[in-house]
Every structure is written in structure tokens, then in C-alpha cells.
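Down below are the structures I want you to see.
Each of the two complexes below includes chain A, the first together with chain B, the second together with chain C.
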Partner chain A sequence: MANAVDEPIGRVLRASTQGFSAGARVHQIDTLAFGMLVRAQPRNEEAQGAVYGLLYDIHIDDDPLVRELVLADTTSEEMIRDQHYHRLVPVEMSILSIGFRAYDGQIRHALPPRPPLSLDPVYVCSSEEIREVTSRFDYFRLVLTSQVPSEQLLAANLLIAAGTLPENEQYDFLVRAGREVARLLGGDMARLDNLLRLIYPSTQ
Partner chain B sequence: MTKKRVNELDEFFGVRAPRLGVVTGGSLSRGLDVKLDPETDIERLAVGRYVVVHGRDRRYFSMITDIGLGNTNPQIASTPPDMSNPFLADVYTGSTAFGMMHIAPMLTIGEGGVGPVRTIPPHFQDVLEATEQDINDVFGDEDETHFNIGAPLELENTQINVDLKRLTERSVGVFGKSGTGKSFLTRILLAGVIARRAAVTLIFDMHNDYGWEVFTEDGSKVKGLRQLFPSRVAIFTLDEESSRRRNATYDFVVQLAYNDIEPEDLAALRQTMDLSDTMLDAAYTLRRIWGRGWIQQLLTAEPEVIEDLLDTTTINGPSLTALIRRLERFKRFGFLVPQTKDDSVQAILNYLDNGMSIVLEFGRYGNALEAYILVANYLTRRIRQRYVERVEASYGDERQLPPQLMITIEEAHKFLDPQIARQTIFGTIARELRKYRVTLLVVDQRPSAIDEEVMSQIGTRVTALLDNERDINAVLMGISGAQGLREVLSRLDTRQQAIVLGHAVPMPVVIRTRSYDEAFYAAMGAALEGKKLRRAARKGSRALYGEDEFEGFD
Partner chain C sequence: MLEFHKLTGQVESMSEYLAGQEQSLEDKLELALTLLNDYADEKALPRIRERVQEAIERDAGYRGASPLDEPLGGTYGPAPLPERATLVATDGSQIYPRRHREPSYYLINIGTMVIHHGSGEAPEVFSEPYLFYEQEYLYLQDEGLTPNAVIDARRTIYEMTALTEHTWLCRDRARPLVALLDNPLLFFMSIEVPERRQLRDIYFSSMNNLLEIGAGLAGYIDKPDSTFIVRLLHLLSLPEDAITRGALATSGSLEGLRDIQVFSTLLKPGWRTALLVQMSPQNKQFRQQGSEMHEIAFFYLNVAAQGERARLARIEIPMWVVRDRTLVAEMQALIYHQCQQLTKRYPYILTRADELAVVKGDEARQLDRMIRVAMVQHGMHAEESEKQATKKIARGRKTRFEVG
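Take a look at the complex of A and B:
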């Protein structure tokens, strides 16, 4: 995992202040997860200016060779592995910006002043960073008002964040987060109930 | 206001108690709305308890007057969440569905000390449980003029001390429906007054509850005031036989002379004896014609005397006959005699002057309301008249100033009914306040039947459970924030709980009253006096029998 944090999982393909897309090699797909917290790091700066976002979509495009291979009667294992390691079409991930590290070193839960640039490296956040970012819940509103599958995304993110905490703190963290969600979605009981059940299904 | 300032205040006031919620609205007149924190267990709260709002510059000492449930979305009420899921239950409780309470700020505490509430804290200020320190800041320590009457609810290690000087300088009311412990409350208050010598008291003891020991409802015995303060309380009795039967040590037998009964004394009995205006007019006429012996003369008058009377005066025949019939009832009262050996009024005044309080036991006459009203009215009218003379004389000679006197009457509404309050001496005393150093301690279960003007002059009200709406209104009349207290008052326990409000306490307070038991006796110095007696007895025994003979008194 340390390796996964130290090494970029991909680089920025396209970006706007609201979010960005990054490309990764196909074999890196195992390190990606819906809802995970990632950081786009400007190449010419230290920690300042880093943009934090939630991974809300992983997209795998086809290409002519894949189309052909799909139609082939037999496809050797070697060929498939070659496709995974040497394919020229990246795995594309979509990220919703939820905050940035300001010049004072503090993390702000707001849209960044400018988006990351193409080819800026994108990292999976460390447990410590996740705890720092999720120590406040001000980013919930950005998620819940976005056009992405917000309940699914926030629930997945909260479960990942809870996993970085000691076991005896996880439930309380989820309850506190749930209450903040309840505050924000107080007027929409259907969404609220859906999100809470994604965090903690009744059968649990 | 900066965070620093708040911290300075916290440092000044001491440790913070657990937070209950935040102020979300309200007004000075209606009280404050508080949204409870999710962590606050609503079932632990109760009306009548204290909370403290930490404002920016001061603390607002407040009482919980209502507790409720709220939600951010009415839909949750129609489609409640699945509370079998503990996570959903924990999230919804305190967020979408939350607890609320309404609190009435009673006074403020700032760096300048305790003061009345003239403003309210801004939005979203913390509301905390009141700590023992908070209570002590408000009610102070027990000392020569402050007397512990109980503890606030859930803060049993603290105590509420009433200011006895303020208690006795205005009239006091002890109210509560039947069986709520009014007599115990009264006994505790009187014990405080006597122990601290805040005033002398004259207790018209209808049911022999205050002087000597009585049996409680559970069959145990409790001591009377005379037993607690043998050197400060005297028992006077109207019914020598009854006092003797109960082994109650009495100091004086009170007798009243028929000759001394004035028509004004009958006016107080208007309702109890069903006396009409024409009957009272007849009484005044007879007093004018026959002088002091008018009652006896009327009761022994021959028919021709009556006829002559009807011919020569404007007295109406049927009214006179009815008056005679009513006055015949006096013959049953053994304490009414043609001539008295001693002047009871003077005897009472002598004891009072010597700093002794008096319990006047009615014995068997306690069941006759006419007797109670007649005697209380008769004695009080004369005592008050002597007080007026002496207070006026004291303007030129301070030595004439009589001791502060508190007169205790039960079934007070019979004396202070709106129709007679203006005519009875008790109405006059209540309205005079402390002008002539006489105040009342009225004990009653129907405060709504007491004249409004008199009620408004009752400085301190100690009220056990009341459930009649009119009685509650009467007790809370003139109290700011009364709406909230109404809820508190109607939800008191039936035993050992009371709300104290008015002149003798800085703010209304719900208390669990002190137990009237051995610990109380000891606190009142009874134990000390017992030791003194034992020491004296031991000394005497040694003088009589030598060192080894006597084995008792330990």
C-alpha cells in the first residue's frame, strides 16, 4: 500500500475546477476503487495547490484490437496479459473535486482555485491524508449537489474513510457523518434513507 | 465577543458541565427554545430542573419549563425510519428528529454578581446542566439569615437556602392540594424562623400539628416545634383536656370572654356561620344598645325583652331570631366563658415579647371551623392593634418596637375570601406588608379562593402539587415567566416536592424538601439541648446518689 501511495496511479488527462479525469495503466486497475480519495499534485509545487477529489467513475474504452480480440474464436492468455500491460488506451477515471490544500497548508473543502494540469500525477491518498480530509464534513455538500451518483459516492467514501480509523472509532465516525448527511438531506428523506442504508444495511 | 472572552468567563466561573444543547430562539417574555444535542438523553431531563445558558458576557440561570420532540421534516413523522437498525436510529435521533426544551431564564450571573433577567442570550449559545457550583453561586451558603429548606431536583448534594429576613418581612403562603405535605413544609419553615430567631410566630394550630409530636401517615411519630425548641416555643391551648390526653406540655389555657366578642369578630364568620348583612347589622345595633355584654344578654333574653327590642329598634325579627340561633352554637365552645381569669391577649404578647413563639392548639375545637375563625380573628385583631400602638410609640422610643411577628393560619381562604378579606384583620395585615411588623403565614389548599389583592401581597409562595387550573393561576399570579412554571407546578411529586418562588429566594426553585427527621432535629439543635439536659440530669444525680449509684441518662 505504501508503494501505491508513493507512486502515482495515473496522470491527469482532462480537468476543470469541478473535477478531472486521469488515465492509468490497465494493470493498475486493482489499486482503484469507487469512492476513494485521490490527490492531483501539481508538478512544480510542494504540497500546496494539491487538489483532492473522489473517484466516482472508472471507464475502460475499447480500441480496434480489442474489438478484434473479442470476436476471435480463441484468445491466448498471453495476448490478454499483453493487452493489460502494454495497451495504449488507458483506464480512465473520473474524479469529483472536493477540496484543495491552500497555501497556509490547510485543507479547504471547496472547489480549487484552478484545476490540475494535464499529466500532473494523481496519487491515492494515504490513510493519514484521508483522516485529515474527512475530519470535517464540509465537502458533503459538494458531493450531494453534484451530477454524479452522489449517495453511492459519499457512502463508499465514508466506508473507506472509516476503515482508516481504529475499529472502536469507526461506528461513531459513521454516525457523526450520518448526522451531517441528515442535516443536509433533511428535506429529502428518500435520498437520506438510501444513503444511510448504503453505509449500514439493515441486515448488518 | 471573542472566543478568548468566553474562555475567560469559563475560567472565572469554573468547570463546564456537560452541554445539553444550544439556544435556537425565544424571547424575554416567553422564555428560550433550546435544541438538544444528539448525545443528550431527553429522558434524563425534567421540568423544574436547572440549566445554565452560557451567554457571551454572563450566564443565564434558567429552569426547564417544557420538553418536546421536533423534526426537520414532517415526512419523518408519517414514515418513521427503521429504528431496528441501530445505525439509522443513532443517526436520526438528534438530527432529523431531535429533542427540544423550553427554558425560562430566572436570573443572570456575571462578574458583577447575581441579577435579574433583563435580556436574553444570542442565538446558538451553549446550554449546560447546572452544576452544584452554579446552585451555590445563586443560593449562597446557609448562615444566620439563610436557612436550608431542601435541595434542587437531581442536585441532592446542594441546598436551597431561603433568606429568612426576606421571608418574614412579607407574608408567606404555603399551598398544595390535600396530602402533599403542607404541614411538613410549614413546620420546616417555622423551625427555620424560630431557630434563627428571624421572627416570633403565633400559630393557630387547627389540628394540633405543630406544637407537640404527631403521627405521620406511615404511623411514625415526628416531633413538634415545642420539642425542638423547648426554650423558644410555648404551647397555648383552647382545649386543656385534649392537650393533657396527648401528653402535650402546655403553658397557658386560653379563654375568651363573651363580653369581649365584638360584631367585627362575627363579620369574619359571615360565610362560615351563614350570617346575612341584616344579622350583622342587628349585632352592631345590639352592641350599641347593650354594650360589651350583648351576646350573653341576647342569649339569655326573655321573649318580652326581644319583643321590646324589635319595637324600639330597626332590627328585623326573623334576622334577630336567626342571629340568636347562630350564636347558640357558641355555647358548645368551652373556651368561651362569661369572665376570664387571665387576659389571653396580654399573655400572648408577654410571651412574644420574650422572644417565645406560640402554638395555639385548638384540640377538639379544631374541627369546628367557626371556633377556629372566631379565635384566630379575635386574638389577631387585638394583637395587631397592640402592635400598631407599639410601633407608633416606637417612633419616639425605639425600645417600644415589638418583635417581628408572623401569624400562621390554616384554611386561609376562610379568612381571606374575596367577600370578607376586606373586613377581616387578616386581609388588613396582608395588605399592610411589614408596616406594623406583623405578617402572615397562610396555609391553604385552595389559593384560588383567596382574595386576589391579598394573594398579590404574599411575598413568598411555597407550593406543593396543585392540579386545579384556577389554583395554579392564583399561585402564579404576578410571577414573570408564569406560563412555564405552570407546567412545573402541575407535575410535582405528591410528596416532598415543592416550588418556592418570590421574595425569599433569588429565583423560583423546585426543591425536594428536607426530611423532617432525626437529622433535621439534630440540625435544629435539639440534639444539643438533649445533651444539655442529660448533662444537667447527671450532675443532679451525682449530687443525690453519688458517682456510682445512677445508671440512667445515657
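Take a look at the complex of A and C:
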């Protein structure tokens, strides 16, 4: 999962330093997953300035024609493809900023100095990028103090990140992440318990 | 500004009037159904034709229907839905020229959709805008700005040629090949249209191209107000010596009744009426200036789903389609299937062709800005008239005045 893709999954619609929304076509929805790490890339195509974030919401708007089609008894494959490929009904995804690539080439786990611009392309991060970003856990605090469903989001992200590691390293990775979570949520046992249950390895 | 309290009484009177009309329509409907029943079967066809011929010979201004070879009361089911077919539909919209807009221009935008029915492929969509700004298009000689009716006629020609072009490109794709317009096929142009002869020639030439590749052509009319069959029933109700221009100027005791009201209780979902032709000067012109194949016939089709209240559309088809009853039945099935995709029971393909064609208000404003910027870049100054500028101020949304 989350292998590098050359094509952007969408483009930035709205942005602030805390996060951004991006629009994608409906047929690209298969490439999206809650908790995945994405990168908004400035259009000068240099690595510096890229903003990293976690996808925490996928939203599909309707319109009167879609409502009509939903209510109709029969909908043929051609009509569904027409809606997916041609009509301007974008999938909107919301992303929480967790870091950026600084001018020294290093990834910083902090809010970016400036938000990405409208129409900047958004890419799914490659396995290498995921390993690089999640090699440290400094972004946990940003996630856990945000207004998004933070335990669910962080757990989904950690499971995706673990999936990019060799099988014999995955358990250790989740244990280390769990210890960091315990440190941050030591005063909130309910949230800590919830998050640890979500990332608890099914096998070892 | 509308003062609603001043309308209360008028709205009440209106509803009383409409309730009275409904009762009167029920009586008329009963009479129409009795007449239809008297002339419903095949044996009545010679009598009906004779009566129509009489009205024509007496030059009584008859504008009603005339049956072809199917009994007046007959109803016909669709063919099984073809597994594969190609449907092409075109629609157009326009921005009319405005006297108070500088520079003046008008725009025609044509939307086309091609559905490869049964293929599972995404349909093809096209949208083609045409901007008119030259003097010869914008002004009629000595008559000022081109009237909207002229632009409508030009738009219809653009729709027809786009429909033909895209259908022609699909000539090797799955059959039946069906071209659909969201208009009556009987194309009428007022005397205002200066180039009406050329436009008519283009229209007939487009029809010929469709005929040449064996495509089905249909015009779809939603919720038609037509009274062609009601007028025929009125003609049949008259004594022979009463067939006069005065008597045929209205539908007599059936006046106010529409064809779809007569057939809404008779047609099952997906079924159609008999094929008929409308006796009008326009149709005569189509036959004489085009050919016998260009004469336009029609039928009513119940596009409602099973269990729903009847919803009738009028489908117009040229005579070359009428002569291929397999194609008629397949087109009937395909159009009905298209209507089942939406609960409004209107063909999906026409809904989308309209959506592709329509120019929204903000798009029109954006085009205005684009033109103004281009003018400024060429050293010109674009100004709207004082009247238009004042209207904009008065109609503008109120905004809150805030400090800080």
C-alpha cells in the first residue's frame, strides 16, 4: 500500500498552515485511504517546501442530477461512468499538516511556514517517504492535539507506516510508537487505551 | 418588488377558476374518448383519411393529425431493449446580444453526448462554443441588433449539424444508431431570419446525411401541449357540411383538451400511440422542399415507470424512420430506457447534452471580463451603458458595512 505514484491524486482547493483540502476525480478514489501520508508539492517541483499531511476525511458532494440517479430504479454502467469520468463532482479530501521539507532537505515535524497554494498537486507518499517521515514520532503531538478524530487517524497512519517495513520490523515499530503515545497521553487513559487497541498487532 | 398581500385575493380567484376548468376538462375528455372509440380500429382508417382530405380540399385551415397505416386507437409496445446501440444527442444554448453591452456580441454553445449503449464504456462528451462579433452577424440590414428569434434559428442549425457530424463519426459503431434532438424536428423560421433559405438547406442536407448512413433521427418534446389528435377528433365530430375554416379554427367542444390528456389513460408505460403526421404548412414544405423522406411523423410515448402516473412525451421522426418499424420499436425501447435513468422521466442523454450546452450566469460574466481584458490589451476601452451600470447597482446584493 502507499507506493509512490507519479500522477497526483488531486490538487489543492483550499489551504492554511494547519491543513489543506484537495479535490480529486471520483475514479481516483481507489487510491485514497484514511490515515495515508500525502505530500502537497509546490509547482516549482523542488523537494523543498513540500508539505506532508495525513488524510483524515474523504468527502463526496452530491448535486441534483446525482440525487436523481440514486432514486432511479435502473442506472446503467454507461451513466455511472459518465458521472465518474466527465461530471465535475470532485472527491474532496481533507489533510492535516504534520510536517514539511525544509531548505536543508530535512523533514521537520511542525506546521509548515506557509500553506501550499491552490492547484498545487497532491501525491501519495512513496514507501521510502513514509519510512523517512515516520522514522521519528514528533508529529504525534500535532495529530493528538488537533480537532480531527485523532486516535483513529494516528492509528490508521501507524498501521500504514508499519506495512512499509519488513515484516520482522513491524512489531518493534508499533511498540515504539505505542510507548510514545503512552508518554503523550499518560493523563488521558481513555484515549490512550483506545489508540493502543487500534494498533495492537494481530500476530507476533 | 412584489407586494404579496395584494395578490392573496387574485390567487384565490385563480384556484377557483382552475377547479372549474378541471371539471369542464373531464367532460371534454369523456367526449374525446367516445369519439376515439368510434374511430379506433383499422376499418375506420379510410373514413378518417377521406375526412382529412375533404378538409384539405376545402382549404379549411386544418392543422390536426392524419393517421398513416396504424389504427387511431392502436397502442404499440417497444422492442426488447437492444443489447448494443449508439445514441447521440445534441443541445444548444446562447448568450443573446444586448443593446447596452459594449462591445456587442452573441454566443452559441453546443453540447453533445454519445452513449455506446451496452458497452460499459464512459460516454463521449463534447462542448463547442461559437462567438459572433462581426457586424454582419450582429446587425440586420437597417433593422438594428439581430433579434433573438434569428439567433434561435442559427442555434438550431448548429445543433443539427453537430448532431449529424457526431452521428456520422459513429457510423461504424453498434447499431441501431440513434440521433436525438431536444426539439421538434419540424423546424420553423419566422420571416425575420434573413438567411432562412440557406439555413433550411443546411437542415435538409444534415437530415440527408443521417438518412444516408441509416441513422434513426428523433425530436423529443417533453410535456407537449399539442392538440393534433384532439383537432382530428373535432374534425371527425363535425357534420360534412360544417367543415369550414371557422369551425376548424378551434377544437370546438374539445377546446382546451390536449392530446396527452386523451392518451394518458390508454398507454401503458413504454407503449406508444399510432404513428401520425401533422397536417401543417411546415410539414408540407418539408415534403416538397426536402423529399417524401423528410416529412415528419410523430407518436406519443408513455415514459413513466411501471406503477407511476402516465407521463407522455411526443416523439417526432422523419418518414425514413417510419418506414423501418423495427427501428421505430428499437428507438422506442432506447428512449424509454433513457427516461428510466432519472426519476423525472426525461432522457438522461438529453439532460447531459443540455448540461454541456448551458452557459451559466457566472460563465457569461467571466466571458464578458475576458473580452474586456482582451480589448484593453489591444488599446481599447470597453464600457457598459449608463442604463446597464445603474441596473447592476440597483440589483446588486446588499452588503454589510463594517468598520475595522
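Operating definition for what follows: the second predicted complex is superposed on the first by the 195 of 204 C-alpha atoms of A that agree within 3 Å, B and C clash if a C-alpha of one lies under 4 Å from a C-alpha of the other, contacts with A are read in each partner's own complex, and residues count from 1 in each chain.
Convention: a residue touches a chain if its C-beta (ideal position, glycine included) is under 8 Å from a C-beta of that chain, and two chains touch if they have at least 3 such contacts.
Just so it is clear, the structure is predicted and the values come from calculations on it, not from any experiment.
Visitor: Go through the superposed model and pick first if A:187 touches only chain B, second if only chain C, both, or neither.
Guide: Touch partner of A:187: chain B, not chain C.
Visitor: Touching A:138 in the superposition: chain B (first), chain C (second), both, neither?
Guide: In the superposition, A:138 touches no partner, neither chain B nor chain C.
Visitor: First (chain B), second (chain C), both or neither: which does A:77 touch?
Guide: It touches chain C, and chain B stays clear.
Visitor: Answer with first, second, both or neither: which of chain B and chain C does A:63 touch in the superposed model?
Guide: neither
Visitor: Contacts for A:174 in the overlay, against chain B (first) and chain C (second): which applies, first, second, both or neither?
Guide: A:174 contacts chain B only, not chain C.
Visitor: Which partner chains sit in contact with A:199 here, chain B, chain C, both or neither? Use first/second/both/neither.
Guide: first
Visitor: Please work out whether A:6 is in contact with chain B alone, chain C alone, both, or neither, and reply first, second, both or neither.
Guide: In the superposed model, A:6 contacts neither chain B nor chain C.
Visitor: Overlap of the chain B and chain C footprints on chain A, residue-wise?
Guide: Comparing the two interfaces on chain A, one with chain B and one with chain C, no residues are shared.
Visitor: Touching chain C in the complex: which residues of chain A?
Guide: 65, 68-69, 71-79, 81-82, 84-86
Visitor: Considering the complex alone, what residue numbers of chain B touch chain A?
Guide: Interface residues on the chain B side: 38, 72-73, 75-76, 79, 81-82, 84-85, 87-88, 90-92, 94-96.
Visitor: In the complex, go through chain C and note every residue touching chain A.
Guide: Residues 113, 115-117, 119-123, 125, 305, 337, 340-344, 348, 351-352, 355 of chain C touch chain A in their complex.
Visitor: So in the complex, the part of chain A that touches chain B is made up of which residues?
Guide: 171, 174-175, 178-179, 181-183, 186-187, 189, 192-193, 196-197, 199-200, 202, 204
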